[in-house]
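Chain nomenclature is as follows: A, B, C, D, E and F, assigned in order of appearance, with residue numbering initiated at 1 for each chain independently.
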Amino acid sequence: MGLDKERPQLIVNGRRIDGRAPDELRPIEMEVGVLKNADGSAIVSFGNTRVLAAVYGPREVMPKHVAMVDRAVIRCRYRMLSFSTEERKSPAPSRREIELSKVIREALEPAIMSELFPRTAIDIFIEVLNADGGTRTTGITAAALALADAGIPMRDLVAGVAVGKVDGVIVLDINKVEDMYGEADMPVAAMPGVGRITLLQLNGVLSRDEFSQALALALRGIRKIYELQKEALRRKYVSTTEEV
Amino acid sequence: MGLDKERPQLIVNGRRIDGRAPDELRPIEMEVGVLKNADGSAIVSFGNTRVLAAVYGPREVMPKHVAMVDRAVIRCRYRMLSFSTEERKSPAPSRREIELSKVIREALEPAIMSELFPRTAIDIFIEVLNADGGTRTTGITAAALALADAGIPMRDLVAGVAVGKVDGVIVLDINKVEDMYGEADMPVAAMPGVGRITLLQLNGVLSRDEFSQALALALRGIRKIYELQKEALRRKYVSTTEEV
Amino acid sequence: MGLDKERPQLIVNGRRIDGRAPDELRPIEMEVGVLKNADGSAIVSFGNTRVLAAVYGPREVMPKHVAMVDRAVIRCRYRMLSFSTEERKSPAPSRREIELSKVIREALEPAIMSELFPRTAIDIFIEVLNADGGTRTTGITAAALALADAGIPMRDLVAGVAVGKVDGVIVLDINKVEDMYGEADMPVAAMPGVGRITLLQLNGVLSRDEFSQALALALRGIRKIYELQKEALRRKYVSTTEEV
Amino acid sequence: MSITPEQPVVPKLKYNAILNVLSKGQRIDKRSVYSYRPITVKTNVIPNAEGSALVSVGSTQVIAGVKLEIGQPYADTPNEGVLIVNAEFLPAASPTFEPGPPDENAIELARVVDRSLREPKVIALDKLCIIPGKRVWIVWLDIYVMDHDGNLLDASMLAAMAALASARIPRIVSVDPNTGDVKVNRSVREDRLPINKLVCTVTIAKIGRYLIVDPNLEEEAIANAKLAVSISEDGLIVGMQKMGMGYFTEDEVKSAVGIAMNVAPKLIETLRKAVQS
Amino acid sequence: MSITPEQPVVPKLKYNAILNVLSKGQRIDKRSVYSYRPITVKTNVIPNAEGSALVSVGSTQVIAGVKLEIGQPYADTPNEGVLIVNAEFLPAASPTFEPGPPDENAIELARVVDRSLREPKVIALDKLCIIPGKRVWIVWLDIYVMDHDGNLLDASMLAAMAALASARIPRIVSVDPNTGDVKVNRSVREDRLPINKLVCTVTIAKIGRYLIVDPNLEEEAIANAKLAVSISEDGLIVGMQKMGMGYFTEDEVKSAVGIAMNVAPKLIETLRKAVQS
Amino acid sequence: MSITPEQPVVPKLKYNAILNVLSKGQRIDKRSVYSYRPITVKTNVIPNAEGSALVSVGSTQVIAGVKLEIGQPYADTPNEGVLIVNAEFLPAASPTFEPGPPDENAIELARVVDRSLREPKVIALDKLCIIPGKRVWIVWLDIYVMDHDGNLLDASMLAAMAALASARIPRIVSVDPNTGDVKVNRSVREDRLPINKLVCTVTIAKIGRYLIVDPNLEEEAIANAKLAVSISEDGLIVGMQKMGMGYFTEDEVKSAVGIAMNVAPKLIETLRKAVQS
């Protein structure tokens, strides 16, 4: 995590730098169906982290040779808009973005019933509008909503959150400052309804006990986010119905 | 425009920096059929601006999926050779070259009877040999000759010229210095025989009246260039006939 | 070849900077069949120059339009690993690597009976593990062994070596220091059994007599390398047979 | 290589319907020929950007952001800040957009916006010098099209202008004129980015013989050509770009310019309200 | 765009055979479920590299090399050296690998190795400063996969670690703190690159319901998912990465971590022997 | 990846015709086997270039230009200018050339020209130093093939040599040895670029068993292989490159070198005339 100089104290009187308790999520907002053209879309915010996800598909695959005879191919791109970060991000795809596109795809694959749509593609675009920690897990949470909004059959929603260790304390939903100066950052995504962990990364140092504790905290947080997802979809469904 | 320091006086006693009157074209040279391999080619000079255009087609399209069932696709590339500018130009395609390739293609499309050649491509290569202002309009003028030289049916020739505003005066066929230090640069292309404007850009600031005046001046200049084009084609036709 | 400052004396008492006589090869090692997956492979060392060659094919061509109806296409890539040179080499393909891939392919083409395998590809990958002069000729020598190891029918093996002129003396198998400070570097490859020269480049200045002398010396060296190649293949064949 | 784009398929029936209402001075979405769809402008939507705006024009959505960084001036303008404009069409915005670097359409859009800002000196770049000849503010203006329902240029110009006019400059903590070392505290933003005047573009599409403003996606699909006219709040023409495979007559061009000059003040007013709030 | 990869075709018979022996706590190549294939580590195989290692794990072969160059530190760590990790899958290594820049799999591998080295401070970067704020050693770590028979990550991590731990720093001949000019004599190498601790990764594959370590190519082809756990010689978890299109339950994750912690000391021991010699 | 190129289809009849005349010591275009097509060299054709030349060899046309810019020397030659050679085959030049960055043929051509200039020290780079170790002239030599009717290398070498030998250096207005600031007035060109000697290449093609110089496009299509020999005006061999998928015997190589040495003086003479005028 680097940047030792001027390292701020991250836990004061049991409270975190933004006033949260260790096991407290940031304020979460979810809006489904925000774009006209995309088959499904959602914007999700965890505090100042704000991510747009859009889904097209199942649709024809171009080039054709990429298609699979027994399932839809999932294509996924995670990107940070140039102005989403403190220092302007160059628009050229970074190695980080390439890796995250892969792990996010692998976090969503287990949930999508791609076997129902052979020879098609399902395209997932995740655009980070503003980055303040936890962008990949916020992106997964938004992508799951966009997939549902597109009417793509899923085994369960996928929700994600990053836990971490800061000033020796295991905390939920770390923000950018905690990520930068903390001892560990551990993004986790899961299908809460069926108990399946679909993304798990650790960037930092933990003992075995700390790891178990962090994983349990992440899964508790994910369950809360999952409830918010279901509510957001219900809201969309209700409002659409009302419009009719 | 920029570069305010050491800005030269551009109009002295009603004459421009190269001695021309405001409504005077630079010396123009046109040579048609300068390459052996290309189906059509031409070199056109407006003063020190010198541009080569070459045309291949109608010919088979590769890759095939680019072809259109009801017309030929027009492909167009505008480029500056590395040594054509005062500072060496990097050979990587610049954003400027990409934009100009598009607006030049759109300036030529209305003239080409592409509906006669479905499933083929007509390729237009414009190479700026030396740049002294007005390269895109010189390139369009050369490309129209190369298309005619290739025997491609056209509704009319296309001719172009850049007008501008320098030291408050609306002038015809601006050169590099006038472009750099002037108040406005406005490239125009048209099919003079049928009164159709096919390219129109303004880079600079004009009042509505100045704009009307500039547009009229451009169209007058274009008509003169058009006569020179027809003469150059006649010359080519006569000399070819004589050879036979 | 540049770098005049601190130029070392390259010939002292008729001996070269590494103690060799002018017509002496460096210690040469050859090992065939070093990889499991490749159809054929070999590692060859000339002194500290160490090159891996791997061959796949004849195999299906992708993309299909690259295939030829009357022969196999040969695809060849020469590369230097990042840590193979004194200053780290950037992994982006250099113009030098692109040229060498071509001349190496053209050095191997005459030997491969590609007409036996129409509509297929034979892929040759040459990876320079450590560079100390003569990497292209060491690569050709290794590639010929890998092709033989892959069971691809050949008119003859191809072997190569670089000769040079250092301190006025024509020498065999020049190393990096001799290449850098010498007057000429001349890589040669040939099919010794049939007397065919398949690669010939000169980087430096030679009189006509010196050139003839250098070429003759190269061909003598190549004949020795050729014997070592045949021995290496025999060794592989014997050990494989023994295993059975 | 610029290549003839694939023409969107518009059913004959649709085409006739559009032309038919146009002949009555109307649009298929009930608008008059010279009016815009509903416009919304939300500023400061991106906390990490020094300025930002999310603009919708009908269903078209564009987001623009401004990042300010310390850098070197161009050699020929040693005492001025630097403006760099980029535009990208997000693949989320349309089923026909593909991921990858900006194509010729996005590049053209960015360059038209750039010229429309640069020529009338919209940003007071001369006030963005920190150490003459050495250090100036670099103004990165990035435009992303999020949802494409036609007339991307006008929406992009509104977003760009609103993002610039609402941007604030981070605090400069220290300046060492000898080494060129400039320390910035990004968490505190102070003065507004200095803006000389507001500018908008008005895009006029030609359908058959009719001229309309703010074409939506269906109208663009059947338009012969478009003319974008950039106009500053003081009523000058500050840029122009003919787009598309068709042509205009001299009279059509003059009409289009007249229409644009009539419509522009409303757009400028919308901008002014958005950035004052 | 990351895209669902082509699934290798594994005959049903093979699949059943592998599962069948697994159900008896065995592997098709006779190994036990938690044991590695034979490992060899050869260091200093590349004379031009400051450090290098050729590692084989069964038929999988990886070569790693370290180049040390003088460069500038990052602005936020002015007194520390810089580590840059790259990985490439050579087209020689597998019929499915294509020439070209690293794909997402190679990039992921490099980044997992990078994090596993960076987080536990494997290299004492603070000892690689030459002129504070100006000149430091840049540690270029390049990993090339030469032959692919499964479990590229663990083999790559072993090669990376062995190359670093056997690297020696070229002699610095002169340093001018004012100009930042540093002269190096590359033909003389002196001190070892300072290493704080050894680290390895243990990759656990899930096949059906079974967890195994060090999957070979055939096992990887039928594995649902993999979990790589990076472990330092002092027994801490210093990195983790779930890979593949499947999932793990919470219990499976905990089991995998336990297995990794049991197996890691043997890998660390292998490394220690290789770099001491 | 270098890949076997598509072979141009040459009708058997044509092939036999060419071989038949060759067996009589003749060419299909009436030339003798060791003679060139008509050569024209026009210098100073590009006002913005410091040096330029348009060369035709039969219907083959090549344009070369020299741009001189102020830059930094290489670390190992601190007191010498820098030469950078690029070549591009314009898509205008042949129906088979595609737009895009230089392919392996263009890169090979540029590198052969580069070596033939560099090895015999054609340019007196030691006279192009402005501030030792800091500022030198960078000589950008760019070669564009405009029309391809065979033997691109010899035409390119002629154009390159003529462009260099006719180039003039812009006036240096001021030099500040401390800051490295060099001011140049590009509108005034003064001294010639210092040239030590003239160099040309002679390309010999092998068709069947026959050796010919200056192959045209049809002859190249059926040639087994080519050997380019670079020769300086003082009669030394200063470069060599075997090209193509065939081979030469030792005797053929020696014959080719002999032919090249006989023919070169005429090319040098052509160059001398062109650059003196």
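To be clear about the criterion, a residue touches a chain if its C-beta (ideal position, glycine included) is under 8 Å from a C-beta of that chain, and two chains touch if they have at least 3 such contacts.
Model, not experiment: these values are computed from the prediction.
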Shortest chain-hopping distance from chain C out to chain D: 3
Centroid comparison with chain A (C-alpha atoms), farthest chain: F
Farthest-lying chain, centroid of Cα atoms versus that of chain D: C
Pair exhibiting more inter-chain C-beta contacts, B-F or C-F: C-F
Chain centre separation in whole Å, for chain B relative to chain A (CA means): 51
Distance from the mean Cα position of chain F to that of chain D, given in whole angstrom: 48
For chain C paired with chain E, centre-to-centre distance based on mean C-alpha positions, whole Å: 31
Shared interface positions of chain D, touching two or more other chains: 1, 99
Overlap residues in chain C, where contacts from two or more other chains coincide: 77, 123
Graph class of chain-chain contacts, one of line, ring, star, complete, other: ring
Ring path (origin chain B; first step to chain D): B, D, A, E, C, F
Complex contacts: residues of chain E adjacent to chain A: 1-4, 6-7, 74, 76-77, 104-105, 107-108, 110-111, 115, 119-120, 225, 227, 230, 232, 236-250, 253-254, 257-258, 261
Residue ranges of chain C touching chain F (in the complex, touch as defined): 1-5, 66, 68, 71-77, 95-96, 98-99, 101-106, 109-110, 114, 123, 184, 186, 191, 195-208, 211-212, 215-216, 219
Sites on chain B touched by chain F in the complex: 35-38, 41, 48, 50, 52, 54, 56, 59, 77, 81-88, 91-92, 123, 125, 127, 129-132
Residues of chain D touching chain A in the complex: 45-49, 52, 59, 61, 63, 65-67, 69, 86, 88, 90-95, 99, 101, 140, 142, 144, 146-149, 186
